[in-house]
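Going in written order, the chains are labelled A, B, C and D, and every chain counts its residues from 1.
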Amino acid sequence: MQLGLVGLGKMGFNMRERIRRAGHEVVGYDRNPEVTDASSLADLVDKLAAPRVVWVMVPSGDITRNTIAELGGLLAPGDLVIDGGNSRYTDDKVNAEALADKGIGYLDAGVSGGVWGLDNGYGLMVGGAAEHVELAMPIFDALRPEGPREEGFAHAGTVGAGHFAKMIHNGIEYGLMQAYAEGFELLEASKLVENVPATIKAWQRGTVVRSWLLDLLVRALDSDPELDDLRGHVEDSGEGRWTVEEAINLAVPAPVISAALFARFASRQDDSPAMRAVAALRNQFGGHAVTAAGPSSGSGSTQG
Amino acid sequence: MQLGLVGLGKMGFNMRERIRRAGHEVVGYDRNPEVTDASSLADLVDKLAAPRVVWVMVPSGDITRNTIAELGGLLAPGDLVIDGGNSRYTDDKVNAEALADKGIGYLDAGVSGGVWGLDNGYGLMVGGAAEHVELAMPIFDALRPEGPREEGFAHAGTVGAGHFAKMIHNGIEYGLMQAYAEGFELLEASKLVENVPATIKAWQRGTVVRSWLLDLLVRALDSDPELDDLRGHVEDSGEGRWTVEEAINLAVPAPVISAALFARFASRQDDSPAMRAVAALRNQFGGHAVTAAGPSSGSGSTQG
Amino acid sequence: MQLGLVGLGKMGFNMRERIRRAGHEVVGYDRNPEVTDASSLADLVDKLAAPRVVWVMVPSGDITRNTIAELGGLLAPGDLVIDGGNSRYTDDKVNAEALADKGIGYLDAGVSGGVWGLDNGYGLMVGGAAEHVELAMPIFDALRPEGPREEGFAHAGTVGAGHFAKMIHNGIEYGLMQAYAEGFELLEASKLVENVPATIKAWQRGTVVRSWLLDLLVRALDSDPELDDLRGHVEDSGEGRWTVEEAINLAVPAPVISAALFARFASRQDDSPAMRAVAALRNQFGGHAVTAAGPSSGSGSTQG
Amino acid sequence: MQLGLVGLGKMGFNMRERIRRAGHEVVGYDRNPEVTDASSLADLVDKLAAPRVVWVMVPSGDITRNTIAELGGLLAPGDLVIDGGNSRYTDDKVNAEALADKGIGYLDAGVSGGVWGLDNGYGLMVGGAAEHVELAMPIFDALRPEGPREEGFAHAGTVGAGHFAKMIHNGIEYGLMQAYAEGFELLEASKLVENVPATIKAWQRGTVVRSWLLDLLVRALDSDPELDDLRGHVEDSGEGRWTVEEAINLAVPAPVISAALFARFASRQDDSPAMRAVAALRNQFGGHAVTAAGPSSGSGSTQG
């Protein structure tokens, strides 16, 4: 089938290639003239035959919202828009309703797999109406990994369910990464395990902790055994925050996912104001300010 | 080669089978007459030709310590004992030194894989001297999964390093499980995702969170889609506690692994004394005790 | 001076009394005819001379928003509205701007102290313009505790700053309560400390942990030494959630406040779906499902 | 009465002064010749009349253990040793039994109050036999704050109970400090609260969070309003670690106290190995390493 694909960045570029490999026709649009197939969104729409399916794969937030709004003015009743970016699920209902007023369908699709998706396929979680899912299924089948459809694709629910599922997926991802990271630091900190990379490498087959993330950690350690080419400053990209906010909203305890999120926040601080406050308190009751008053050798400090 | 194997429980029973499938001779001993190959530890030792290799696979703690001590009295210089159970790594040096006094070698082996190891193989992390590792390598090769040796077996360091690595492995496992569990609860709590098992099943291929534990979660949801055949009371078996204690000992922050451990503790409490204290405090400043004093409709409560 | 006070619940009722004791005239309004001084909001406004100051002390959310909107239709330019409830700080700018359009001033006041405020006074954090603060200062002075003004009253900043400060105050409160609660449970769990209430009582003077909350805990233990008249199910009232959301918004690590919040969430669950998922995973790899396959006495389990 | 006091550091120096002010005779010993009253431990013992009471107030660990052992060789049946330092409670039984063999009594005393104890008095938690407590009560009464004895002194239980209670006291203290610290950072991070020190100062009277630690925070902010004379690197001194280890031992969830402890660990790391591992994982799946392969303007990244 034919697909319009807006956004040819790290994700969209590879997705276009994978969909083409599956035998479909993809008209891609990107502001970058080196990669685009169309000169504008309008041109992209012109190049597609009705009923059109247009996949939006641009940065979440205003860029996605504006792109979808613009498509709403260009497409016709019966067409379908798919937001495959990392939009917050609360945007989906708004988008879907605005497009529905014009007879245009809407699906939200969570897409996982990173740069590896070109070869491995992308895990897909989709929200929206069954007839829209059916219309786009050839594209989903092209993008998802080999194997049974249900192991790489889910129609998770109505509009928003795809991005909600992707949000939780990423929240889990935060927790998994932090768990491996704490384990790595503990192995490094101990003198007992002499070959940390080899030990972690040996977890790849047979163990309970084997996973794709573990394979990536092994890959990273292969090229940088102490991971000292990197600084431990870690960004976060929205879904982790949204997951914890959703936990608060739903009154679900999320100690691990929130701890992983806060560890990232802390990693970006040169100096922690909170810990300055703790240091100040210790100074106050431990009496460093008044040290001169009590000259002594033995200490017998009782401060925590 | 020939192996003595002490303990034919869930782990040892399957391990004997896997090693035999690889063409080795295994003499197993268990108190259970239905599964044992020898009538006693002494009988097991008698049935082996020197230099003997005896793998101990019994519950950690006193049972393991006593078994190893007893073997120390039965074996001869040049023999080798391997502790493959979940012993705390601090036991290993004690065991190794006691055996070394008699000329007997010692290896500690962390073994991961659960009941699936029979078919999948077991991930192995080993601590001890290189010559002892070499002596037992045919057995390690029989137990470990197919594929490159280094992806399922590590000689992690000197005596204790195997159990240390296994302890950290299990600590990570606690964090991973809790991350998936929080995600599951969040999906369940929201109305938006209509088919939670199908959504999680779709994470098995292509996504960043794919893992063996995820496969097991999918398997559990296949037979019990709401997981309501189970109570959320979760035991812990030592390594999680030891990992957090080691984090304290090494001054390594372990917020995720400790949160996962504490979630298990909390899951086993019918009522939390701590939360009774919080409730009592709220009662005190919120004035439930003096409610009669201020009859009112509007509340304007300022209590947290 | 003269004050209109809307809401005579647990907080407002006592506040009216405290302000009257300080020699001011208070016209209170509550839907409850047994405590009200006016028959309606309009009647309350009629009973006050311009420039009027009306303090709103009703439950946060729609009730507060609606009450302030209604006052906007009844008051005149030069009048002043103070929201003393636990409104989210983001409401304040909206309220202030709507009232400013009519020439009416607005202050937000965080009020702490619970039912003890009648006698002890209330800690006050106020946001808004200096001239409005000045206008209401006699009321603030009546409400705040004895002693220096700056130890019981702060003009924290512009509109919203009062409720923001109160939100953080309550977030801290969550952390403090949980810290004491964990300590209480640890003392209870150990056999070593024979008299837990007496031990905690002895912390009231001289120790680093002495506080008003500790005094309340001692008071609770005086009447219920094991705290077993209570269930450990603890509600939360908004500010704790908002504080963690604000931490996420500001990228500030808040491990303690969030842990305290999640402990409350968990305390209200009869059974945790997350922990059912952990139990299910342990079942899967620990092989309970296949127990029949490996009859044994020794176990050698390697499962976490 | 007469007291021997070993260790005249920050704590012991002030304690000698406070006990003397209460009219007792104190013979102090310290290695520092400027403050000591005796030339050696033996000299100190010589200067006391039987039955002697000797209070040990030196750094916990080997120094305390050795001091008590040495006293065991110098004292006589009927004498009493009090360990008032921050020893781990598990040391107490060992010390008590060794002294009991010689007919010497033993008490363990947790002492809280820091450098402020000279004027405010010290909160005391004592473990041991009733007759020994009775013997030393005049000293306890001299040290504890003014007011009812039970609000500043507890006989918590048998030997070890005093140090156990002090350990938990300090664990709570960690949680309290971290709660205030997170609140401080949140106030600082927001633009809304213009005067953070004034806002915190206003919490000292009337609010739910008022406490002695809050008073100390106000004091610190008085002299350093942004707390930027300090680095946010915070040491820990044993009791926090022991409290979390005890929580693990007793299977008591301690999310807040452990979070406070881990925040201190993290505060001392220039760069976090764990966060380097998280960064490495993000690099791996986000494809920074392969950026060259997909030139693009729009990104549409789906990485967490």
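Rule of thumb we're sticking to: contacts are C-beta pairs under 8 Å (C-beta built on N, C-alpha and C of every residue); 3 or more make two chains touch, one makes a residue touch a chain.
Keep in mind it's a predicted model, so treat the numbers as computed, not measured.
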{"item": "From subunit B, the most remote chain by mean C-alpha position", "value": "C"}
{"item": "Residue-number overlap at the subunit A/subunit D interface, same or different (half cut)", "value": "same"}
{"item": "Selected pair, greater C-beta contact count between B-D and A-B", "value": "A-B"}
{"item": "Interchain centroid distance [CA atoms averaged], subunit A/subunit B, Å", "value": "30"}
{"item": "Approximate Å spacing (C-alpha centroids) for the pair subunit A, subunit D", "value": "43"}
{"item": "Centre-of-Cα separation between subunit D and subunit B, whole angstrom", "value": "35"}
{"item": "For subunit B, residues contacting two or more additional chains", "value": "112-114, 170, 173-174, 178, 180, 182, 185, 189, 208, 213, 247, 251-255, 259, 262-263, 266, 272, 274, 285, 303-304"}
{"item": "Chain-level touch network, classified as line, ring, star, complete or other", "value": "complete"}
{"item": "Contact set on subunit A toward subunit D in their complex", "value": "6-14, 30-32, 34-35, 57-59, 63, 84-86, 110-116, 166, 170, 173-174, 177-178, 180-182, 184-185, 188-189, 213, 216-217, 219-221, 224, 227-228, 230-237, 239-240, 255, 259, 263-264, 266-267, 271-287, 290-291, 293-304"}
{"item": "Complex interface listing, subunit B residues touching subunit D", "value": "208, 241, 244-245, 247-248, 251-255, 258-259, 261-263, 265-266, 268-269, 272, 274, 285, 303-304"}
{"item": "Of subunit A, residues touching subunit B in the complex", "value": "89, 112-114, 117, 120-125, 127, 144-147, 150-158, 160-161, 164-165, 168-176, 178-180, 182-183, 185-187, 189-190, 192-195, 198-199, 201-214, 243, 246-247, 250-257, 259-260, 262-263"}
